[in-house]
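Order as written gives the chain letters A, B, C and D; numbering starts at 1 within each chain.
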């Protein structure tokens, strides 16, 4: 199919050519005296990404799911209680993973299209006088529904309840795209994957873990600690200290991560976040111009990395996705589980700009019209482009610089 | 500047990833026994590209300008008369090159926005009873104005005049994009460059030369032949016969050419040409929806590889181009020479698809509105996308295949 | 440091340019209708690599260690007895991993420089009348000492003992380099990583599992199954069935694996194995010509992928390695654990040929002489090159083909 | 054929991975406001490469032959006398090119294996009282015979004759490898190609031209100047002034040139030259140990970029080359013209190190022995490696830095 593919699933995202070239490298000895010159700065710079001063960072050769598993198995013990709201497929999967490792998960069901409720979390913690709940697990950005939860508010809720539970956050589709502040919000574990805001292929499960959680790790071990070896923190910390890994790491991804972090810091993390907001708002303007609804129930839930768009009654979102893919070389995300067929998702995270988003909006519009959804031709691109033109709120870098 | 650059100058064009990877190769001995396995099929397949059975094909390490020089210096003698219409910057440059090599060029001036006049060519040839005119030089697609001349009609004009002049065609921005038929139209020399429809970097000057022109080459030599060495046909033919070159060729470009030809033949040359027409027509629909004029004076001149768009009185096209480049990461082409400032050019050739063109249209629209040109927001994308949706005239391949 | 690095650690190995280019790809939707066209043949072709007709193949985003963990946690239950010989660092690490997951490992200590003893395994199994031993775990090629164990003989030992224990084999540094036959030897689980014979970066943990082991997996689950989620077989089998993955897979590595398998099958798996033997034998001839000993105590233990060379008394092998690395751009492997300082390792696996090995031999020789080890200049290259010249036992492909 | 190809023809040379990646770039507008940021520093840095303060540098999209043509056609007039020694295939070709452009070449024949004679040049110039000779053309390093001429001595000869002739030097296989000093030696034109010491693919013809030669260019024009257009200096100077080109330049090669110059300057030009000498001397030690002769008649003619090795009577050098290529994946250069079959050439220029050269020496030795040339096994590698070990004369950078 001629021309460039428009990749607008919410991950994996487009890899900039500069990163692709950075990964095109010959192999080398990962135990050489030179290797730590690559790895030690990476582990440091991930702290900047998570905005933490003394959190411990980890890079596992795995997907983001592996990082989830690492956090849970290293910090908790068999039968430990954890509290977790569920409001989409990815919060569901995390809960499932916790249960399969023998944790006792107290689930707070929230309507899909909304997110974690600080009030309910506070209430649950206040009711837990015995402090049996060891951790609160929250998905920052629920990729399935395009909903962002308010982690700062959840921190306040935990504090208000005066509860010692750890706060674990899934930042797979928020890190490097949506504001996240590990230290300010006293997050005890943040995990992400390489294939979203970091603009890399999948293959790295990345985590930031607070000293408090590392201490809990030791406590957990004293009791009936969860079993682990591949994802063991101790082995990793011990090897990482000198810049090495307990097993052979995926070198191209480490070189790619170096360039990805360079690019993010060159643009400026705040600018990256502002750009994501800007691009997302244009997409939302298009959705509004089409007269369609987002899955996210209210603006406070709007995600700046993915928009889940409800199709009108009588249409199957899968038809929009298939038409976009086969006819216009545009990849959109599908509705999962209880929203399958009801929505399609436009990913707008990673290495994107206005014209890429406008191409995706145009393609979505054409695919919808092709299957009979009656949106006005050009309405989406008009609304988004006028927003992009007029918005002066965010800094952006220019080619002429 | 984050995200992908939208490259819509009329060359160089976007290089598909598959071609970039094909050029990422270690060096090898260009005199090895294996090397001809690469080169001999290339020279053959260029015949398919030019649609010639027995023309001789050439690959010079040069730009397209070098191929121009090769054709003239090998086939003509000092002081020879050649006839050439001039209707844009590139027909002008070819005439200049011919003069600098000592040829006597009879120039037919045509209004910019129109192209070669078969009638005037026929008249000039009929008037040349002595057959002093040795060649007619025509630019197939004038990249400066977005005008395509009718080479078949020019052939008919030459035949009607019963004149033995050779027919030389500049196909730099037409080959692999606009229908061209060397044998059917009895073209004696066609030249092109690698950086347009062939989707490669610049660096190869490619020519197809008829046996008649090669014979003229020998005649010219007997008289006061033009001097040449680097661009000499004989040395090249002699080395190429066995698959070698008289000097070190640019290997990555040869590997890239292999893949480019593979891709063109896989899509089908007719499909490639139909796709270019389709994408071009969408751009023209957008220009019409904006209420603007093309430089091309009438539909028969419309180029399927580049559209030159006139800005309204009182505006400077350079401002549109600068705004598109610095604010939207979109490269448009400038007006050259007598149309400088009066038009901008949207290149739509090479490895492109609908959404890429719609992104470019949206960006052009935004840039125009930013500098005060009052086009209706979304009007261009609406017109183009509806055309793209409804047009069923051309085959196109789908991702699902 | 100018020129090409000579990478002769026993993994990661040199990546052929063709594979590097195959991995240089834009991202795509891993849930697209097209994606299974990549993945389903991969899973099939891994069976050919393992030489199994009905084994189940797995590709985990992990290192080879992850594949170890997957096999153990999916097939065994807490407290299960497993039998494992230990004769080097990697057999040691696998035993450690098993213990950390709650298995009861019966360790058979073997002298480093020798390998698994079929006789002792048979004896242990015969003594286990109750069939408490659920699995025998053997490292096929112990990378730390350059020792290859005889898996066929171990199968015979198990059969001779008439014991139902599963046979688990670590093929990290043998697969695609040393003969391995899953079905012929009734191996129940074979694991490998991508960064050795497969000529890829690290990042894929690959396993082949027999139907018997999968059935055991179900039995284990009924009891006190080991916990897992990331490495769960069921989730992987269920998603793989249609060509998908339970989480985002590392796309470049999958594309690279496609090309790696193509290259292995084009050369012919038997030819690949013969080439490894041939190159290894040349290295061993060099070692003999130097008058040095291998760590491997006898020819039956000789590894065709790595040679561990003992330095003479009074020398530290680390000095050879440092000199080779800093002065000659040659990476050799270090001695680990109880052989640290006593040996260096020359990796000779993956994408290698005679001249690459001769360069490494020359560099090793120079490094040894630089630090005072009195080997005869040119003796190693002379011995190896004469062997390479005269050996006609193995087919090899030529550039002229 | 598995493993890395050993490319030891005297060009094209091995391209470092860093340069290959630098050339793997998307296309861009070569008339953008940003483009001069790439090109202007390139033109400046080429001055450093040629060691000239005020020479004018040129980059033509062509092979080195094109740069030859550019220098001659821009500075001389039809019928001008030039003086040129001939002592190999490349000095022959340059003379041929000059003649084909209408120059009157006075040829000084020198025995192949020797080079330009300053004494004879001085004598010829002294005899030319009328100063009819406009230029002296010398090949710095004759690639066909492995002979380096002494350009400084030729400058002294011209000065001693008190003759105003321009001094034109072919540095195709010397620049960036063998000491060259444009200003110190008052060279009026130096030309090179991208595919040798610059470690790039072929495709750039590069020249440095003195102000004196540029002035001569104007004089020549006043008379019966040679004709040119593609290779015209004026058009290039005019466009280059602002960082642009008169036609589309080959962007990947320009990006590659940026990286090549960076690498040369990082290593240090003097270190690069010392490294070439060091590697060449090792090869010569091997040739001596084999008991064979170089084509170069005496040490003062020894080339540090290529060694032409005479095979003993009764052997055909083509057999050595074929055997090396088909059996050992090693590319050697052939004898050309009058030395065809009598010698093979080992290229040792560009991105090379000791172990690469030792691999090539070992391969050459094996190929010779295979066809019956009785050299002692290991003698070449022993001699070269002992030289490399013991030589402390040149700085070299280490991996540990």
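FYI, a contact is a pair of C-beta atoms (placed from the backbone, for glycine too) under 8 Å apart; a residue touches a chain by one contact, two chains touch by 3 or more.
The model shown is predicted, which means the values in this text are computed figures rather than measured ones.
S.K.: Using the touch definition from the top, list the chains contacting both chain C and chain D.
M.R.: A, B
S.K.: Which chain has its C-alpha centroid at the greatest distance from the C-alpha centroid of chain D?
M.R.: Chain A.
S.K.: As a quick test, compute the distance in whole Å between the mean CA positions of chain B and chain D.
M.R.: Each chain reduced to its C-alpha mean, chain B and chain D end up 35 Å apart.
S.K.: In whole angstrom, how far does the Cα centroid of chain A sit from the Cα centroid of chain D?
M.R.: Their C-alpha centroids are separated by 54 Å.
S.K.: Counting in whole Å, what is the centre-to-centre distance of chain A and chain B, each centre being its mean C-alpha position?
M.R.: A distance of 46 Å separates the two centres.
S.K.: Listing for chain A: what residues touch at least two other chains?
M.R.: As it turns out, chain A has residues touching two or more other chains at 4-5, 14, 20-21, 24-26, 32-33, 322, 325, 399-400.
S.K.: Can you list the chain B residues touching chain C in their complex?
M.R.: On the chain B side, the touching residues are 17, 20-22, 24-26, 32-34, 399-400.
S.K.: Quick one: in the complex, what on chain D touches chain B?
M.R.: On the chain D side, the touching residues are 4-5, 7, 9, 11-15, 20-21, 23-33, 61-66, 69, 96-97, 100-102, 193, 195, 201-203, 226-232, 246-253, 322, 325, 331, 333-334.
S.K.: Touching chain A in the complex: which residues of chain B?
M.R.: 1-6, 14, 16, 24, 267, 272, 275, 322, 325-330, 351-356, 358-360, 362-363, 365-366, 369-370, 377-379, 381-383, 385-386, 388-389, 396-401
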